[in-house]
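Below you'll find the structures, each written out as structure tokens.
In the two complexes that follow, subunit A is the common piece, with subunit B as its partner first and subunit C second.
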Partner chain A sequence: MAGTPILQLRNLTKVFGNFTAVNDIDLDFEEGEFFTIVGPSGSGKTTLLRMLTGMEFASSGDILLRGQRINDLPANKRPTCMVFQSLALFPHRSVGQNIEFSLKMKGVDPAVRKARALELMLQLRLPETYYSKNVTKCSGGERQRVALARALAYEPDILFFDEPLSAIDYKLRKTLEKELKDIHRETGKTFIYITHSLEEAMVMSDRIGVMRAGKLVQVGSPQEIYSAPQTKFVSEFIGDVNVIAVTAIGAASLRAAEFATNLKCLPVPAGFTAGYLVVRPESLRFVGSPGETDNCLEGRLYNEYVLGSRVQYQVRVGDHVFIVEKLRQQAFGGHRDDKVLIGWDAEGSILVTD
Partner chain B sequence: MNRLFKTFGPGPRLAVPIMLFLLGGFAAPLLAVIAYSFVPARTFSLWQKWSLGNYVEIFQSSIYISFLWSLGLAVATVVILAIVCYPVAFGLTRVFGRWATLITLLFALPLFVSENVRIYGWILFFIKNGVLLGSLKSLFGFELESIVFTTGLTLLGMVYVYLPFMLFPMTLGVSMVPQQTRDAAFDLGASRWQVFKEVDLPLSMPGVVIGFLLTFVLAVGALAEAKVLGGQRVIPITHDIEIAFTYAQNWPLGAAVSVLLMLVVGTLVLLVLRRFDLDTIVGRR
Partner chain C sequence: MNGSADRMRRAFIWSWTGAVIVFMYLPAVSLLLASSTSSRYFIFPVTKWGFDWWQKTFASLEVHQLFKTSLVIALCVTAVAVVIALFGALAFARYEWKGRSIYQKIVLLPIFFPQTVLGLALLLWFNALGFTMSWQTAVFAHLVWIIPVCTLVISIQVYSFDPALEEAAFDLGATRWQVFREVTLPVLFPGIFSGALFAFLLSWGNFPLSLYTTGADTTLPEYLYAKMIAGYTPGVPVLGTVSTIGAAFLLIGSYGLILAMRRARQSATE
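So, the complex of A and B:
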């Protein structure tokens, strides 16, 4: 990343009645990056995006586009464009007319419009014959591309995406995620994407911002979010994780009251008294004896789930459910209800706050 | 009997009563009217030489003027209603919020009172020395010309009576336009007016067209407004039909006028529906 901010948010807040949807957000989006805002529904991500596009106006704080305050500029005057969740294509218009819409609004000559639309269709791998096809007759993936082409035709400085892939089946979604990332490379534009799926965010983004209850709780690269979540919320958002409530009792040791045992961990940060120890399923191992790893718990093998290239095991320690993940080639040979020892090393765990 | 049951499923069997009713109540009288339009004037038997004489008579007498009046008034009613109702429909869907239900109810309420009662109420209100002019006279001393028994009031009465039939289909049409589609057009640089022209208007067209057809068909058949509010200053075609079948005892002429009216209205409806394929407009096909 070059590090030139294109869009800057300063104390951005949106209040509806007595509900604060977006709470005091400070964030810089860099020129040309693919930034994804992730959060569960109701976390304020859609409201935030609507403020960025100009469809909603901020209650307080500022939005700066290349240093210019654009708070009060309506959507049709902003050099940004959004791909909607429903795609919001014009059902009474053809593929070509949809793509050309913004050019028609600007009064561009029809021949020039058509040339530009065909160019974009080529770039997005839409057959030329689709130019006069009714959009409602296109498949889900094709409509996705039409929506993207329509937004690109506007020549926006920033492209926003409001979960456009959420209604698409898994396999096609995976293809389109990669396609979108390729298009991001080809166009070099700044993409700001919102989704509730961190998995989707991981695949595409240069940076991810996690939102919770109107606040931005962590911003970082996909690697950072994955390997160094700062809170239990962020760590759990990624998917299956094992979370143990702990209190600090030494420089690198913790008390896990639930299992009446002490655990070793990496040096406890200053000021940390109580929180959670997060252990990813792939950091957990089945061990033969307690000394093999820094920490060890005894449990009962409850179930196994085959996930294609990986296999997950559910191990119950008392009432606490642990998930252990192995590659298929290294599958564990245990049987249901076997007594098993699961262990992990201090480096394989992350200490987070609530 | 058993075989009959097998050939006709439960659907057709259950449709038998309503089919019989429509056959007797709708198809048979319609056929009778069509047949009568061809028999010689002022006769009552169908079993004689048929001709087009009654149709020729329409254009040789002044009846075609009534035709033009009816069509003209209906077109004017539809145009005025379109202009008046679209903003209200838009407001009901997008602006009035929780007041929309109450406002809809207020618009629907007059439908519960007989049309004749409402029209005579208008007479009492607008007539010389009536509620409006009488009050003005006794309170302020103005004396104004009454608008009762004018063509203008006939038109106003028609607009008033048929308003719900334009407003409700239109409201439905406007509410069918997805908000995200409007937002998308706005986001793509369209002005408010362009959003209206490019998205709102075409996507609400099915409701608008249904409103047009409904009010046009009703207005062409309007009778009471011209008779009561217009004081028979203009004679609508329905009035001529009524006269032919009653006082004049000229059923064949009345039948011919009726058939011509049905043909004109039917052709217009077909043309409009061909021009505006409702499914294509909303992108269902």
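So, the complex of A and C:
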């Protein structure tokens, strides 16, 4: 990555009593990037974010902002700002007053404040008449924009987001994700976002960091995380995947004890002894005879799920559940409890460790 | 069929509600009736109507003094109770801290003390400490009982307060004091206001604590009690009525004030 990191974390650790919430994290954030930290609840992502904003202090390790150590600087002294999960809009103030809050605290002249607020409202596509509207009367999407405008008015070097879209219904969330990415482009600021949804992270981010139990397990572009997950955890986090426990028995050959069969996989990395073979639902297909693909298993069609443009099939091989995904136009005409063959090619899978 | 059953049910609910209201307010009305007599004694039905006693009562210097004492005590109690109870309520409902659940129980306990016993206990303490009883000691006595009530009232508002509001303000560069003044205080204001009303009204109407701790000073409830024991005149129901109506006006007036403020804010922002 080019450029100097705007924010650097060095051995950052946070301990509560005898629980280590954030465990020895090293990470550089690049100037102007949209970085998303993803993890399930309890993975320590919120604690990490609270340390970055200055609302929680590190137990050990360092946080460097443009090379300056800012560990002990409280939130109100840091040139960073956060959009909260609850948005935390001030209910007793109008849209305009919310946006101007940080300027008022600095003692900026009311006329200048108002001009700046209107400018931000224009940028965020909030109608000018909303300036004096009660925030509690705004819709979910509007409140989202007010919170963002309020944070931008502070002119932060870095903007943090603590799952601000989690309480919003699916359709609006999808719109707002794209909108946020557009705003990132327009402002050119560094955005650091946390969410438990990798799908959300994929849409918006330049880079993604996946957290598990206080540790950062993988950092990479959305493309890298999707196509080359390094662990079973990351691969399963992406969504529906088929995972088979395997051991290496050759250069391109694996043993799947569960199905008492050998599987072909290209490539099997040198040094790989045991782990998991991950096959995406879209890499699996229904085949007529075992020879059509490199690998083949026989199962029974259990159920069918129509997901709009795609259709998923649940196939059970013994007790092991496989998900096969097809485009709707190429839907498979099988019936429940039909005997089916599912297959995939040696190149169509990924090997990961635990 | 269905409609008539529905009508029956509604009629029942209304008459029941009406009966409860009559039951609650009849004593207050009879007070008004008892005060509007021209005779010297308390006789029902009233034979000679008149407002002579109202005139006499309002003209009395003694009564003015009573009102003044009660008012001064209630205002002092309100001012002190609200400040202490606000911070007490923040500790009660806003912050997680070790010992909070014990604190919550201890702070509410005085509400359940029998007030006469509490008054006597305070009297003994004031004596032991060498204080002379006066309206000031009564203020202190009222506070012992009213602060817990006031804390509870404000806590209800604090429970619905999102702590992220304070964090957001702090994150936006506000100092701790600015956070308190610009966010915490205004958001909690409705609760603080009801706490103040409670404090005022509970102090205004308090008898058992005042009885033991006012010393030479006399509050309105004390005077009413004394007059009822010995030397009843229809001035007693007059004062009782005035006191009740005054409290009602305070409640209705402050409700109106809050509505007006809300409307003013809305019209200012819309």
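Following the convention adopted for this analysis, the second predicted complex is superposed on the first by the 351 of 354 C-alpha atoms of A that agree within 3 Å, B and C clash if a C-alpha of one lies under 4 Å from a C-alpha of the other, contacts with A are read in each partner's own complex, and residues count from 1 in each chain.
Operating definition for what follows: a contact is a pair of C-beta atoms (placed from the backbone, for glycine too) under 8 Å apart; a residue touches a chain by one contact, two chains touch by 3 or more.
This one's a predicted model, so the numbers in the text were calculated from it and none came from an experiment.
Look at where subunit B and subunit C land on subunit A after superposing the complexes, then choose clash or fit.
clash
Please indicate which partner A:136 is in contact with in the superposed arrangement: first for subunit B, second for subunit C, both, or neither.
In the superposed model, A:136 contacts subunit B only, not subunit C.
Please work out whether A:271 is in contact with subunit B alone, subunit C alone, both, or neither, and reply first, second, both or neither.
In the superposition, A:271 touches no partner, neither subunit B nor subunit C.
Classify the contacts of A:291 with the two partner chains as first (subunit B alone), second (subunit C alone), both, or neither.
neither
Examine A:106 and indicate which partner it touches, taking first as subunit B and second as subunit C; both and neither are also allowed.
both
Touching A:154 in the superposition: subunit B (first), subunit C (second), both, neither?
A:154 contacts both subunit B and subunit C.
Taking the superposition on A as described, I'd like to know which of subunit B and subunit C A:81 touches: first, second, both or neither.
both
Which partner chains sit in contact with A:17 here, subunit B, subunit C, both or neither? Use first/second/both/neither.
So A:17 meets neither subunit B nor subunit C here.
With the two structures laid over each other on chain A, which partner does A:188 touch: subunit B (first), subunit C (second), both, or neither?
After superposition on chain A, A:188 lies in contact with neither partner.
Once the complexes are superposed, what residues of subunit A are shared between the subunit B interface and the subunit C interface?
Common interface on subunit A, subunit B vs subunit C: 53-55, 74-76, 81-82, 84-86, 88, 90-92, 101-102, 105-106, 134, 150-151, 154.
Would you tell me which residues of subunit A are touching subunit C in their complex?
Residues 53-55, 74-76, 81-82, 84-86, 88, 90-92, 94, 101-102, 104-106, 132-134, 150-151, 154 of subunit A touch subunit C in their complex.
Any idea which subunit C residues touch subunit A in the complex?
162, 164-165, 167-175, 178, 182-183, 186-187, 189, 266, 268-270
Would you tell me which residues of subunit B are touching subunit A in their complex?
178, 180-181, 183-191, 194, 198-199, 202-203, 280-285
Which bits of subunit A are touching subunit B when the two form their complex?
53-55, 74-76, 81-82, 84-86, 88-92, 101-102, 105-106, 134-136, 150-151, 154
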